[in-house]
Each structure stands twice: as C-alpha cells, then as structure tokens.
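Chain nomenclature is as follows: A, B, C and D, assigned in order of appearance, with residue numbering initiated at 1 for each chain independently.
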Amino acid sequence: MKNIKVGIIGGAGYTAGELIRLLINHPNAEIDFVYSTSNAGNKISKVHQDLVGNLDLEFTDTTNPNVDVLFLCLGHGNSVKFLSENTFSENTKIIDLGNDFRLEKDKFFNGNTFVYGLPELQKEAIEAANYVANPGCFATAIQLGLLPLAASGLLKNDVHINAVTGATGAGTSLSATSHFPYRDNNFSYYKPFTHQHLGEINQSVKQLQKSFSSDILFMPNRGNFSRGIFATLYTDFEGTVEEAIAIYKTFYKDAAFTFVSDDVLHLKQVVNTNKCLIHLHKYNNKILITSIIDNLLKGASGQAIQNMNLMFGLEETTGLNLKATYF
Amino acid sequence: MKNIKVGIIGGAGYTAGELIRLLINHPNAEIDFVYSTSNAGNKISKVHQDLVGNLDLEFTDTTNPNVDVLFLCLGHGNSVKFLSENTFSENTKIIDLGNDFRLEKDKFFNGNTFVYGLPELQKEAIEAANYVANPGCFATAIQLGLLPLAASGLLKNDVHINAVTGATGAGTSLSATSHFPYRDNNFSYYKPFTHQHLGEINQSVKQLQKSFSSDILFMPNRGNFSRGIFATLYTDFEGTVEEAIAIYKTFYKDAAFTFVSDDVLHLKQVVNTNKCLIHLHKYNNKILITSIIDNLLKGASGQAIQNMNLMFGLEETTGLNLKATYF
Amino acid sequence: MKNIKVGIIGGAGYTAGELIRLLINHPNAEIDFVYSTSNAGNKISKVHQDLVGNLDLEFTDTTNPNVDVLFLCLGHGNSVKFLSENTFSENTKIIDLGNDFRLEKDKFFNGNTFVYGLPELQKEAIEAANYVANPGCFATAIQLGLLPLAASGLLKNDVHINAVTGATGAGTSLSATSHFPYRDNNFSYYKPFTHQHLGEINQSVKQLQKSFSSDILFMPNRGNFSRGIFATLYTDFEGTVEEAIAIYKTFYKDAAFTFVSDDVLHLKQVVNTNKCLIHLHKYNNKILITSIIDNLLKGASGQAIQNMNLMFGLEETTGLNLKATYF
Amino acid sequence: MKNIKVGIIGGAGYTAGELIRLLINHPNAEIDFVYSTSNAGNKISKVHQDLVGNLDLEFTDTTNPNVDVLFLCLGHGNSVKFLSENTFSENTKIIDLGNDFRLEKDKFFNGNTFVYGLPELQKEAIEAANYVANPGCFATAIQLGLLPLAASGLLKNDVHINAVTGATGAGTSLSATSHFPYRDNNFSYYKPFTHQHLGEINQSVKQLQKSFSSDILFMPNRGNFSRGIFATLYTDFEGTVEEAIAIYKTFYKDAAFTFVSDDVLHLKQVVNTNKCLIHLHKYNNKILITSIIDNLLKGASGQAIQNMNLMFGLEETTGLNLKATYF
C-alpha cells in the first residue's frame, strides 16, 4: 500500500510525541503535518528532543484537510470543539485519543459514528470504521484483564481492582503531584472508585456479558515511575486456574499484542512496547488477574497506530514491533 | 532515670542500623554492644556509613548478659535459636523484631511470655512486659487501619487491602527483585493473599472483635522506592464518614504517633518518622481507609524504641521526635 | 537560656519547611510566626504535610517585629526588598537564606553589616553577629572542600569541580526540568562554569589565601534525586594523601558537623543530616576531594539553625543531632 | 541479502538481552542459538521477560560452529578463554563485546586480527574485518566527544572528563552498589582517573593525533538511573564555538547515529536509541563538549549490530531505527 498521509493535532503532548516516534519508522505512513498552535514554526525536535537527528519537520498552525488519517491528541473534551471548528475531507479517517467519543451516548458526531477502538474487543468493527475512539489507558489494561471472563459470562460478583500508573499518565502540564521532589519515592491515590474510565470499562463488560450487574471497584494510584500501568483485579471464580488460563488463551489466540504469561509479572516487561501481558492466579474462590501495559503505547499511541493499521487494511503489527526498554 | 544499657543482636541489618541511629540521640539509653558475628571488630560506621563522625563503636561477637534491654534484629526464625544458645540476666528485657513470638501460639519461651508490642492495641500490657514481640511492618500499617472499627464491632464483611512497600522491606540481602536495574521504575506483587503478617493481623482484629469471621484479602506490592508502606483498605460501613472519623479520633486520642488526617495522604508524609497517618473516605456503602507508615520506624525500629520507652516507664515519645525527610 | 522567639518569612518554600521541622524539636527556640502572604490563614500542615499531628499553627500575613530572630526564606533578591518594607526591633537578629548579603560588596544594609555564615570559616564572627548571610548550598559543599587547602596557602593551580544537586535545589516552583517524567532517570547540567555561587566561593578562598589567582572551574549538574549535593574537586597538590588528610583533620578538629572520612563516600551518608563529609584521594600530582552535604540542611536550613545557635550562645549542635535517612 | 545466522555467547546478561531484542526485529538476521550454560534448557523469555509473546527459543549449552556471526557477551577476560576452548568455522565472523581484544597489544588471536569497532573512527576497516572488538560504553561516549578535535590536531592540553553511568553498566550480577536501597536517590564515583576504558580512549586519540601527550583526567560516576551515559569533557580550545561546531559537523557528516545538537542536552534524549548526541559550548578559553549515549546500545549491543551491518555489507542503520523511550 502506498503511504498514508498523517496529520496530528495537539502535537506537543506526550501521546503526540509517541505517535511521531512510531510514525517515523512506520513503513506505510508518513507525517504530513503536526499541528500545535503554541509551537507553530518551531522544530518538532525542540519539543520532542530525542528526535534530534531523525526529523527536521516543524510544528504548524494550519491543517491539511486532505490527509488520510487524523490523530486527535487534545485534552479531554477538546476533540468535539476542534472538529466543530475545522473541516476535513470526507475521506479522512479520524482517530481520537481523548475521551470525547468513547461512550455509546457520545459516539455520534456530525452524521458519523465513532467505533470504540479496542482491537481485542471488536477488530472487525474497527477495520470497517472511519472514526475510532481510542480507549483510555487504565481502561485498556482493565478491560483486557476482564473481557475474557465477561465473554464467557463468568463475571458473577464484584470486581476489585488496584492499578498504578506512571507520571506520564498525567500529561505534560506541570502539576504539584508531578513535581519531582513530591513524586520521587512517593505513592498516592486519586479519584477512589470514581475514575472516569469506569464508564468505558462497564460499557465493554456489558457488551460481552449483558447480565453483569455487580460493582467494579477501582482504586487508581500514582506510582513514582514514568511509564506503565500495573493492574491487579480479583473476583469470584469457581473454576480452576487451568480453566481460567484456557479461557484467556482462547480469547487472545489471535491477539497481536496481548499474551498470557505463565509467570508472575512485573511492570517493566511491557515498557516501551505495545503489548499487554496477563497473568492468572487462583486463591481460594478468587481469581487474581494481573494486566500490564505501557500507558503511552498500548494505553494510547501504540493502540492508535494499531487501529490505524486495521482501518487501512495493513498487518496489525506494522510499525509496532518495538524494542522494549526493559531496564 | 539513669541510662538504659542496650544490646543489639544482628547489628548489620537495616533495623539494627535504625535502632543505632535512634539510640545515639536517645536521652535515656546508651548502646552497650552491637553484636554481629560477620562484622566483629569492624567499626559500626563502616557498615552504617551515615554514622561517620557520630560513633566510634565496633561490632562485637560477644554479648554482655547484664544489659538492661536486648533488641533482636535477626532473620525470622532465628530469635528462638539465638535465645536458646545465649543466656541473659533475668533482669534483661527483650524486644524481638522478628516474627518468632508474635502469635499467641508462639508467645511462651523458656517460662516467659512475649507480649505483642503494638502500643495502640495494648499499651498497659507492654508497660508491664519484660518480653515484647515487635509487630511486622505491613501488620502495623494494616492493624492501625482496622483496629478502631474492630474495637467498635463494625467489621462486618470482607476487608480488601492493597499495600505497597519500599525496597528496604526486603532487607540488606542482595536479591534479584532488589537489583537496581530491575527495581527502578518497576512495580510488582508477591505472596498474593498469603502474606505471613495476616496471622498477627487476624489475631489482633479478633482480640477486639471476637465475632469477626470474614476474610482479610491482602495484596502486598513492591514499590520502586526505598522506605515506607502505603496501605489502602476498604470494607462495608453503614455510617457516615463523619461517624467513622469520630470512631478513629476517639480510638487514637491518646496515641503518641497515630493521627487522623482530614486530607488525602501521600507516602512521604511519614518517611523518617515514627508516625502512622490515617485518612478516611466514604464511597457508597464502603469506607476507604488509608494508613501510611515508615516501614523501618513505626514498622520496626521506631516502634521497638516506643516499646522500650513504655517498658522502662519513660515518656512514650522519648527520642522519637524525628525530623521527617518529606522530600 | 529561655526560649528564642522565631519568625520565618517566606514560609511555604522548602527551606522554610525544613526550618519549621528543625525548630519544633529545638529545645531553646519556639516558632512565633510563619509569614506567607499566599497561604495566610491556612494551617502550616496543609502545606508541609508531614507536620500533621505535630503543629497546629497557621501561616500569617502579619509579622511580629519583636521576635528574637528572623529567618528570611525568600527568592534571591527579595530579602533587601522585604527588609526595606518591614521594620523589626533593633534587638531582632536576622539570618538571610537568600544571596542578597553574601558578598562583601552587598553586606551593608541600613547601617548594619551581614556576616557570612559559614561556621567552619569564621565561627567567632558569627557568634558576634546580629545579621548573618547564610551560604548557598553548592557554595557550602565546595568551600568545605577547599578551605583547608586555602588556609594552608596550598591552592596553586586551577580547581576542577563537578557537583550534582537534587531537585529540591530548584525550589517548590514547578518547572520543566523538575517535572517528574523529565527528571526521572535523567541527568543534565546548567550554568556551566558560571554558577552564581562562584562569587562567595572565590571570596572565601581569597579570605584565607590572598595569593589565589587561578580559576575555579565549576560544572553544576541536576541529578534525578531529591536531596543532597555530591561534589568532587581536584587540583594540583604536591604532598602525600596523608599530609592532605592531616591538613583537613586539623582544620576541622573543632567543627561540629564536618568530618573527614577514611572511606570513599556516597551521597546518602549525609541525607537528612547537618553534616558535611570529606574524603581525600591522591592520584599522580592531583588531590581529589569529595565533599557531600544535604542541600537543604547543611546547605540551607540546618546551617541557618547552626548559625542561630552560635549567635545566641547555645551549643552549636543544639537541635541538629538528626536521624539520618540513609536509605 | 539472505538471513545472517547469529550465535550469542553469554546469553543471560544485559548486553545479550539487548542483542536478542534487536535481532528479533532485524530484517536480515536470525538468531540461531543463544548459549548460556547456567540457563541451558530454559526459555529465553524466562530470563529476558519482556520477550514473552515474542520468542519461544531456549538457551542452549551447545554451539553451532557454522553460524555466520558470533557475538561474545562474556565477562572481561573470558572471550579469549572461550575462543581457546571452542572452535568455529573460518567463515564465522566474531564480534566481541568484552575488552579482550580492544588494545593494539591484544588484537591478535590465533592468527586473526581484531579490528576496533568504532564506526565513526574507521568504518572501512570494520567493513573489511572478520573479527571486531566492540568498544566499551564510557569509551564510546568519550571518544565520540574527543575524536573530531583529535582528527584536527587540536587537543593541546589536559582533558577533564566527568561522566555518569546507569546501573545497568555494572551488569546483572548482584552487588552492594546496585542494591536498590543503596542506589536509589544516591550518587557516587569509582576508579577515579584510572578507569580501564582510558586505554582504548588514549589509543584512538593518538591514532588521530600522534602528537597528543597530555592527560585525560576521567572521573566515572554511578548515577541512580538504569540506562545511559552522560559525559562532559572540557579542554583548551582557541577557536570560536562556531568553529568547533563546524569541525564536529564535518567529522560526523556521514555518521549514521552521531549528531551535533544546537541545544543543551539531557540524558533521556538517547535512552533506548543507538544515537550519540553531542553539544558544544565555549567558556573563556575552554570548549565544553557534552556526549550522551545509551550504554547498552551505542555503548554495547547497538554498536555491535551496527558493526555486524557493516561487516555484512548491509545498510549501517538496519534494524537500529529504534523508538526512543524518552520518558
């Protein structure tokens, strides 16, 4: 396939930076423009400084309405505003990394429909879509931990979730809880039981298991690391751990990036990859599910490229076989 | 009171180091000997290197059987062995920082009885004791989060606990999960639902609320920081958050180091202090309790000195008004 | 001595926080007021959150002109402004933690004279002073590494200095280089060869060795840790390392907090202490001097309390025998 | 070109892990075997755990003597021993990541000659070589900072170098200085002025500037991060900074991975890349050169693959366009 022309909106943030890093090595795509009003005219490598030597492009404050695909990397709520104020070709596919279009009630825009972009949930719908709402980072890790059980109708009771995210999850904006002397060697939680990703998590669970009516109790934490999400989930499960493993391996047998590990996991196994690793453990009547991702890749920009690949009929893994950092 | 002569057994480890740091500034105690067979003859400040300029003492491999108090800082299981092979005066009080004597079934030794040394649970018993079993670090954080509810008979259902500990919790022995390139910017769990501190936690809960028969589901995690334990606990609670706060403030009204905070907590508030901070939050029918301590101080050596103070009739806070590190 | 009444100006910053932590345990001083216009009326423990349980005081926007001693914790350049706009008793001693009065050319203010407050350089002058200019953090570490040689007239050639500071050195203001995702696992330098502390360093060196006319080449770096300064200095030295050690031990024989270590140093030996540790090593014709301090204590607030002790005729170490954090 | 069959000796260490990560995505190479006596029979993904889902291969304790290229990832001194005890085809090219063959005096082995594998120094010699000695990590960063001046005959005086390395630089073996509670938030130096890489650095400098007879004074430091080397170097330089920049840009105009940056550098710009970034700054009569690399990639395994590419006539960058981690 010839080159896909890509536009990126909101180019100075972390997820845009990751998109650029992925796209400069993608064999079927090329960056047409990176839009950032605050940085227009500056070299991209002045902001994403690891790109010195890789990229001479500058940020722009004008868009090309004829790009093949547009990635929106805007603050939550700003995608609707941007699309209302800017027009693109009807052939331009759109992938929104914000949360504006993820819920069923929000998915219609201007006569078009956004498809929820979790490939493990609905690859065919994504392949057929022109507009995709890319999932949230916590939502990705948690759904990939729960969906196999939901698909088997086995979520019978409350689900207890504890997850820790790195500081990049809070974005590039300076904040007290991302100030190094505060965050270094520290730990804290926020939005206990009320994180905004619960909406999309519940939506997907019920899409697979209509009968689900229990609570998903989710404690999100701030870790003192930069990248990654480490999530543990447990709930009642009557079968053996082998039965659970079989259910998960079957559910993910065609998944490009989600794998079941026989061994206990640690976060750095997935840092700087597009993978999700899952581990299962049984204790009394509980199944303990560990699910880990890189919040900026499988939790954001990597999954966005995965969706782009699917929408353009490319091999799902194109440009996403990344060298892990690991340590 | 004249000076208390102190002996420390197992002097090269983290908890012994913390005891020495506390004792050199304690107005009523003096270090008589620090026993370490592997380091005998070496200056203590060669091992605990922050003590350069503070202390000229050397490690020894002989003990003084007439010290006033003996701290045992040995690996779990080794206190029984040490006391079987070494004799001390019947006037020597003993504080064991290991887990050998914490459970009711283990508390008798050689005609003596070890009292479980959690001052917030039973200060009078400690004051009267000659032998004290100092609580575990996770056990301290978790009990201080649960005991007020147990004392009110209000633990009605399963308790869900997630706690993260720093790398000092694993001790001075080199290990793969404490190797810097592994631990840095990483996160992992261990012993899910089966941590050895559950024994003493359940014992204390049932001491206050005999009827308690639900599960305490405890997920212990390894954080990529050096010091501290951050624990969140939730369970069903019918009252308001104000009622919960009142219960906790009443329970801790005479506590020397445990305080209820109106604000959400972060771990570094207690690092390098002997404090436990508690915060309460209500969500639907759940009470969320946060409990944070320094694992080496309130979770080990600080609490050991607090117990020593009580056992010798000193003001409980003597030598424990520490400057927090905070950042 | 009866209690010294203390006022703190600029109470929300790191150095003010450290002063408060030190003063609440100081046996001869009590905090009279903590001035912060932006936080007036708020509890101090809402800002310095480790103080929950220790302190009920609130920030104020009015000053008490009759305090015994006033600490100025303002941004550089703001002390002159503050003292011009606010009047204090002629009996009020003043310790400025900024850089407004450190240089000979700046030391006169309103008919009074600020004495440079490095006790190892001029303890008697400080004891007699009513106004003290507290040294800078890098300046303290570097001077303590150089002064013994200067006092012996042995600085014969260029001095090459590399020093790394923790993120607290940049203060509480949010900044791009203190944003956690940037700073974590990172390293960088700033102001190569032109750091503002060179002024006071050169001044003190020439005070002891008038003939000194070589260059002090100083590279300041940002480390990915929170507290501390690790400085290495080397220059030509003709004697043996034993001769160097003798010079340093003699120079610091009465120093309360500065010690020569026989062993190679690492930064955490001094974290959360008021100490400076020095180590000497000879290679060919070079002497390599390592000098380490906690930037917020010996490099700021600890030294300020040390100066206060001297100015009020107290034992120099009063309130400064701190428990190191070490790990 | 058809697939290059690769054997890796010493497969459980960090550099072998990085080679495997690079080779699984390399379009012209395939891993034939990974030799590790201690892990023989275990899945590689049990040791290099980020490879779960990528690789099913097991470690072996037998070698295939007919591989096209052999990478030696052994402890320093062990390559000679291994090659003495094991025989490979005369067509097998060998790349040694240890320091056994880097110096002129060590380069002959068994009738063959090892070429020093720094592409920026001697690309043609590497292209023609069958045996390559891969440079050390500090040596790579420092040489890339010095070689342009040496090539212009402009190193006139002592060179002062300060460099900091991450903990992976010390390898997978557990050690006291890589124990997390020690290393976290710490800083220290080792082998002041005597680091073993000075041999290869001086050798290359003199290869380009025979007249060089000054000292290279090198202070190596341990940083509390996992990956990367940040090196600053300064020496006398009479020209302007623009002249220096011109010299460096000319020297590196054909370099695949080494770039001169107009902006001040920070370490994370190169983490998880094969790049070296250089920045130049002039102060009085000194030129300050910053040189940064990822110690495991450009400082080890990435450069080894770069050498392999050159030795097999491939595009130098093949398989090395890596996504940076950056944060």
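The rule we apply is simple: a contact is a pair of C-beta atoms (placed from the backbone, for glycine too) under 8 Å apart; a residue touches a chain by one contact, two chains touch by 3 or more.
Just so you know, these numbers come straight off a predicted model, no measurement behind them.
Student: Which chains are in contact with both subunit C and subunit D?
Tutor: Joint contacts, listed by label: A, B.
Student: Looking at A-C and A-D, which pair shares more C-beta contacts?
Tutor: Of A-C and A-D, more C-beta pairs in contact link A-D.
Student: With centres defined as the mean C-alpha position, give me the subunit A-subunit C separation in Å.
Tutor: 46
Student: Compute the distance, rounded to whole Å, between the mean C-alpha positions of subunit A and subunit D.
Tutor: Measuring from centre to centre gives 34 Å for this pair.
Student: Going by the contact rule already set, what residues in subunit B reach two or more other chains?
Tutor: In subunit B, residues 14, 166, 168, 181, 184-185, 224-227, 266, 268, 271, 327 touch at least two other chains, as defined above.
Student: Looking at the complex, which residues from subunit D come into contact with subunit B?
Tutor: Within the complex, subunit D contacts subunit B at residues 14, 166-168, 172, 174-176, 178-181, 183-185, 224-226.
Student: Please give the residue numbers of subunit C that touch subunit D in the complex, ascending.
Tutor: 160, 162, 164, 166, 181-182, 184-190, 192-194, 215, 217, 219, 221, 223-228, 230, 232, 234, 264-268, 271, 281, 283-284, 286, 288, 290, 327
Student: Any idea which subunit B residues touch subunit C in the complex?
Tutor: Counting only subunit B, the residues touching subunit C are 14, 17, 21-22, 24-25, 46, 48-53, 168, 184-185, 226-227, 257, 259, 261, 263, 266, 268-273, 275, 277, 321-327.
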